[in-house]
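Quick one: structure below, then a few questions.
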Amino acid sequence: MSQYQAFSVELADNIAHVQINRPEKINSMNAAFWSEIIEIFQWIDDTDEARVVVLSGAGKHFSSGIDLMMLAGVANEMGKDVGRNARLLRRKILQLQASFNAVDNCRKPVLAAIQGYCLGGAIDLIAACDMRYAAEDAQFSIKEIDIGMAADVGTLQRLPRIIGDGMLRELAYTGRTFGADEARSIGLVNRVYSDAAGLLDGVMGIAREIAAKSPIAVTGTKEMISYMRDHRIDDGLEYVATWNAAMLQSTDLRVAMAAHMSKQKPEFLD
Amino acid sequence: MSQYQAFSVELADNIAHVQINRPEKINSMNAAFWSEIIEIFQWIDDTDEARVVVLSGAGKHFSSGIDLMMLAGVANEMGKDVGRNARLLRRKILQLQASFNAVDNCRKPVLAAIQGYCLGGAIDLIAACDMRYAAEDAQFSIKEIDIGMAADVGTLQRLPRIIGDGMLRELAYTGRTFGADEARSIGLVNRVYSDAAGLLDGVMGIAREIAAKSPIAVTGTKEMISYMRDHRIDDGLEYVATWNAAMLQSTDLRVAMAAHMSKQKPEFLD
Amino acid sequence: MSQYQAFSVELADNIAHVQINRPEKINSMNAAFWSEIIEIFQWIDDTDEARVVVLSGAGKHFSSGIDLMMLAGVANEMGKDVGRNARLLRRKILQLQASFNAVDNCRKPVLAAIQGYCLGGAIDLIAACDMRYAAEDAQFSIKEIDIGMAADVGTLQRLPRIIGDGMLRELAYTGRTFGADEARSIGLVNRVYSDAAGLLDGVMGIAREIAAKSPIAVTGTKEMISYMRDHRIDDGLEYVATWNAAMLQSTDLRVAMAAHMSKQKPEFLD
Amino acid sequence: MSQYQAFSVELADNIAHVQINRPEKINSMNAAFWSEIIEIFQWIDDTDEARVVVLSGAGKHFSSGIDLMMLAGVANEMGKDVGRNARLLRRKILQLQASFNAVDNCRKPVLAAIQGYCLGGAIDLIAACDMRYAAEDAQFSIKEIDIGMAADVGTLQRLPRIIGDGMLRELAYTGRTFGADEARSIGLVNRVYSDAAGLLDGVMGIAREIAAKSPIAVTGTKEMISYMRDHRIDDGLEYVATWNAAMLQSTDLRVAMAAHMSKQKPEFLD
Amino acid sequence: MSQYQAFSVELADNIAHVQINRPEKINSMNAAFWSEIIEIFQWIDDTDEARVVVLSGAGKHFSSGIDLMMLAGVANEMGKDVGRNARLLRRKILQLQASFNAVDNCRKPVLAAIQGYCLGGAIDLIAACDMRYAAEDAQFSIKEIDIGMAADVGTLQRLPRIIGDGMLRELAYTGRTFGADEARSIGLVNRVYSDAAGLLDGVMGIAREIAAKSPIAVTGTKEMISYMRDHRIDDGLEYVATWNAAMLQSTDLRVAMAAHMSKQKPEFLD
Amino acid sequence: MSQYQAFSVELADNIAHVQINRPEKINSMNAAFWSEIIEIFQWIDDTDEARVVVLSGAGKHFSSGIDLMMLAGVANEMGKDVGRNARLLRRKILQLQASFNAVDNCRKPVLAAIQGYCLGGAIDLIAACDMRYAAEDAQFSIKEIDIGMAADVGTLQRLPRIIGDGMLRELAYTGRTFGADEARSIGLVNRVYSDAAGLLDGVMGIAREIAAKSPIAVTGTKEMISYMRDHRIDDGLEYVATWNAAMLQSTDLRVAMAAHMSKQKPEFLD
């Protein structure tokens, strides 16, 4: 595990804790952020010891979204030909998307813990996580509309699978701020905690529960749920049958059964 | 803007207000309704000045659905050969669907304001809008089941993207009436207002907010959300990257940024 | 209607009541269960008199899920070659899936009435029903995670169309038990009744309402809603136009219209 | 049937003959062409008497493709904002595509008869037809690459369903001219005739054969084949079952059977 | 292996030979045919010893298609209500389709050997096979158009994946007869043999080659190719990775490798 | 441009020539091959000067496919738990696939020049190229079946879009060797040259033609054709309209037009 400029990362008790660590910049997403997040989640994906991930923000806020300096940098690279600028912009956007795809594609569940600001790019980020939990003081906004652009790193693509179409449109067209309770009532977050400390405790508790389950079963379950966002039910059924054709031959079933019979806590290999 | 038999249409402050205007017939949908709505939404789509649409019903009710005289008219056109009747019916249904597709395909957000009856075809209509808002006295019913037919102009196709599967089935199989509060709790409407006047005020307020945003950003956002009802996340990401390759070269970003810096309200071209 | 080992089946007033009938085994799903359910729903599908189905469990509980003896039986059939074991397992899983596909594919609406335990395979089963209703004492758990496996007979495939993605993941990764009220608030069940008797009364009442509608309209409505879980809106619109090209030539429309005019209850053919 | 500037249209013996009629301009596609073709094919679609369509070009050539004056016209409409220009261009392209979609969506088979030049937009056009037949002197070229653009009115979208991927790419990247024999060997045309006169005779002969079949059967067959370009086999099977549920109740089956038994030529209603 | 009325079935040397055996009726497809074919292919699917299938017709012809008496039988079941007739017809068609789906879904390769007539339903049948081989005297016709109907048991759904779109439409709209050489040149058959005896010899030779390969590898290969008819390339890549995750742990790889090294013929388990 | 162990790479006249360069090992694909190919095609994708790619093999043969030592290496990493082995194998296969995805996803056309052996993995590789050209002595074989496995790095996924289904199955089930002429007749290669020298000359000639076209037009054309392998026609039409909304604002159209008018060769920016 190397050192990062925009993050601090810890692995303990099979839980990887990834924290955005630029509190003095309201955890805004600078160039280091966008490249390091790929590295980190690649490492988590490759590290069997990490069974579940908690993603949080250091300080008072989760994140204020993309660092506007970064956008200015792209503007400076543009030339005179509209076609070649379009070619450049398209590639830049695809690169930014790749950063959050790394979160979405991670084989282990990712739990986001959100306090304070969660704006613009931060919504794109939490939409790529498995579950979201918030402190009372959390404030959400699909801010991109106020910069004069359609959100293009995941919010408009992933949120429709998470919250209702009607309210999503209102939030995306107006960019209005909404709080933790509304976030819970529309299904964006699973639970609201009274403060940031209680939030992290609570989320770590859920993470521990998941880390105690069979890693083979947990990653299989995530693969199947993610698959269903974009596939037919019949395809999903055939896919899980093919997947489990191998996975049901794992020792984890026997371990789980034995523990079940003996009323003891099972211990699974990583 | 021409005169219409079934509608009154106004455009002011970048908001197109489309009102079903047959209150003496409970705004039922007659032949004029079905053809004029295409014309109106085509005109809105082509008119850059119109940035957002409010759709309402004149009088006490939003609409009681399709005019049963129209159905009788189709019945009269039928001949003796079942195959040729089927050919005729299929084309008629596709034509009716085209009327509400014009609403759905409109590039500007459409906000429905609903009071009183919203029955049968009226549910098909509001399902083709972006957002729905209701007065306390609103009454909804997927009425087609009581005419002995499966709804075929959009309710069964678009509602599953808006409300939960389980409750949709109950409402569609039984045709039972439900009120504004239940409509809000299942995600069909975003907010409930105490009466029709408050409703129109409230919806106009939201429309004004949207009309003040960059039209390039708003139509792009609508395109992306609508696209995601039927496409995969990876396709959606690639599509928005291709879309924004052109749109991020618009001056609207600079206007929005400058306004943001100077804490002033941005002014966008149509 | 033959006799069954795992079920009792009754048909009266156009309602088929299918009851899992092994209360002494908490209605766990044994070999007879998995094969009889196909037969029963095939028979319902072929029997025009049956217009709607109520699925319930005899005794205190709906069902504790798959009988673990059955799983042990499969384990005994396995040989030494991993590839051939995979071939065997894949076919077994596809066979189990076929049992619940028979419920999902049944052309008549299926209403589940759930009291007490509803665990593991029982969640897979109710996910294949149209609507779900519960008694206050109902307890749900996506139990498969605790056996060390990803659920593979429908829960992970069908629930994402019914409840929100974020909460589904929490429930599937942790396997935690949740009650009737939470089930209703996440959209898993449509209504909660105070006890098992009230539950069955209530569900039978809804079933009677549906049974009184045109069977042509009800099965068409189900076909369309089920179709939309996996298809695009434009495909759905074309499909219903093709479907109704025949069905609108049915006499049921005239019967429904006449009843509507005369304010009488319509009587439809099976 | 009205008069057209860019076409001459005739209907005889149940065959609509649509001829591009600007031989002095090598049948290039001007503004009148693009709007009239929609009208013509809409009329054909609505006219039961027209059972099959032959599409040809007057004079020595089929067509040299889009009239470059038209493109210049669009260029003149462009303003200073890249974003708003993109909005304008996207709509213009969608409008041009609609012209050839009208051909593709026509419910009756369309047979293209091609002699001489068939360049650029003309390839887009014939790709929207059902079958293509050529004279020996036909010359084909996917010309758009030489104007500095990717073809955007159908060639790159429809040809992959008609000719092999490998050769399509060579032809599209290089824009090289190819003749009737190569066109036949790659599956672009069904048959090559020695000259334009023989070509039209031959194609009219095939059209007559088709016009003598049941119109219910022919349009159903076209619907199914077109559907399969974009749908799964299982969806196609379900769709044809739903379609034929009505169409097999047509009298055409009895007429066909009776003719078959009595060895006489059947006569079908339009 | 039981006795069949419409077929004779043999299993030897790991090859199942399924022969349509009603030569006195030109192997037309009667009621026994449609139900027995499901049983036979189910049995083949379940019998590991059967590794490859040859499907042929006894006598001078492969098959003249559906027995017209069967169609007459369905006509007799029809009642007065168009809607209920449609319901009946749709189910009948789905049942007939299920017969050829059993061929398509069989996990082992199916090779069709075709001499003489191959008309109507016989085309539907061979389209559900993996490969097709013909004798010089074979005569093909998509005959359904001459009965006044669109083919509905697979021809229009599966042939577009096998032969070119342009020629398919000509053959389906006109129903014209075509011979073995044209069938080969359009990709319908892989090879033409001079007579029926040579045909069966040749096809048996290819079947023997396939039967000598690893059954795990052959069924995996078929699964993947069939999957690609209806799925995206990225889905196909992920599916084969999941599939091979189990199958590459089979002993067949070691057996194949060892044989390869020692230049000997490998012997695989069934 | 760095040095590679398994390749030699040159860039001249806007053509990148990528040559597999292990002739003494029949250009078999070792570990260096699989990682370097990603780097190389990433570099080509990022290098505007490279407008088209020629992929060839040094020496007498194109490539004998995967290095069997590599497979043995994977076998050694395997442990005792079938489930964890499956997890490992799945990731390894996805990694190998990524190497050829880099070729497929390259935005510039890739032309394969094939002489001598083209076996197993080499077929997977050329299936990821845009076009294929062969020398008379080329020998092709889908060799994986003889190692006891289903091909899993692209052959079974990409070939069905290139050659006919019927012949693909024969070649994949039997693994039989076929030559250049058969390869051309089934559409696998576009042209056959008499020897390796003539082959490289010919392919370079085609590459030069493509390199002289507008790079904006060529990459747009490739994007559209590749997109159509997996998308619907209507989606493709909308996608190209969105793409060209930006690209038609490029100066390349004016350059191309001017050159066309003045009958001169256009010069495009990279």
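Some points to look at:
Chains here go by letter, A, B, C, D, E and F, matching the order in which they are written, and residues are numbered from 1 within each.
Methods note: a residue touches a chain if its C-beta (ideal position, glycine included) is under 8 Å from a C-beta of that chain, and two chains touch if they have at least 3 such contacts.
Only a predicted model underlies this, so the values are computations on that prediction, with no experimental measurement involved.
The equivalent interface to D-E, defined as the listed pair sharing over half of its contact pairs by residue number with it, is D-F out of C-E, D-F or C-D. Judged by contacting C-beta pairs, the busier of the interfaces C-D and E-F is E-F. With each centre defined as the average position of its C-alpha atoms, the distance from chain A to chain B rounds to 33 Å.
Centre-to-centre, using mean CA coordinates, chain A is 34 Å away from chain F.
Measuring from the averaged C-alpha position of chain B to that of chain F gives a distance of 47 Å. Under the contact definition stated at the top, the residues of chain A that touch 2 or more other chains are 82, 86-87, 161, 216, 229, 234, 242-243, 245-247, 249-250, 252. Residue ranges on chain B touching chain A, taken from their complex, read 109, 130-132, 161-163, 187-190, 206, 209-210, 213-214, 216-218, 220-225, 228-229, 232-234, 236-238, 240-250, 252-257, 260, 266, 268. Chain A contributes residues 81-84, 86-87, 216, 219, 246-247, 249-252, 269 to its touches with chain F in the complex.
Chain contact summary for the complex, chain F toward chain E: residues 68, 78, 82, 85-87, 89-90, 93-94, 97, 101, 104, 144-152, 154, 156-158, 160-161, 164-170, 172-176, 229-230.
Residues 231, 235, 239, 242-243, 245-246, 249 of chain B are the ones touching chain F in the complex.
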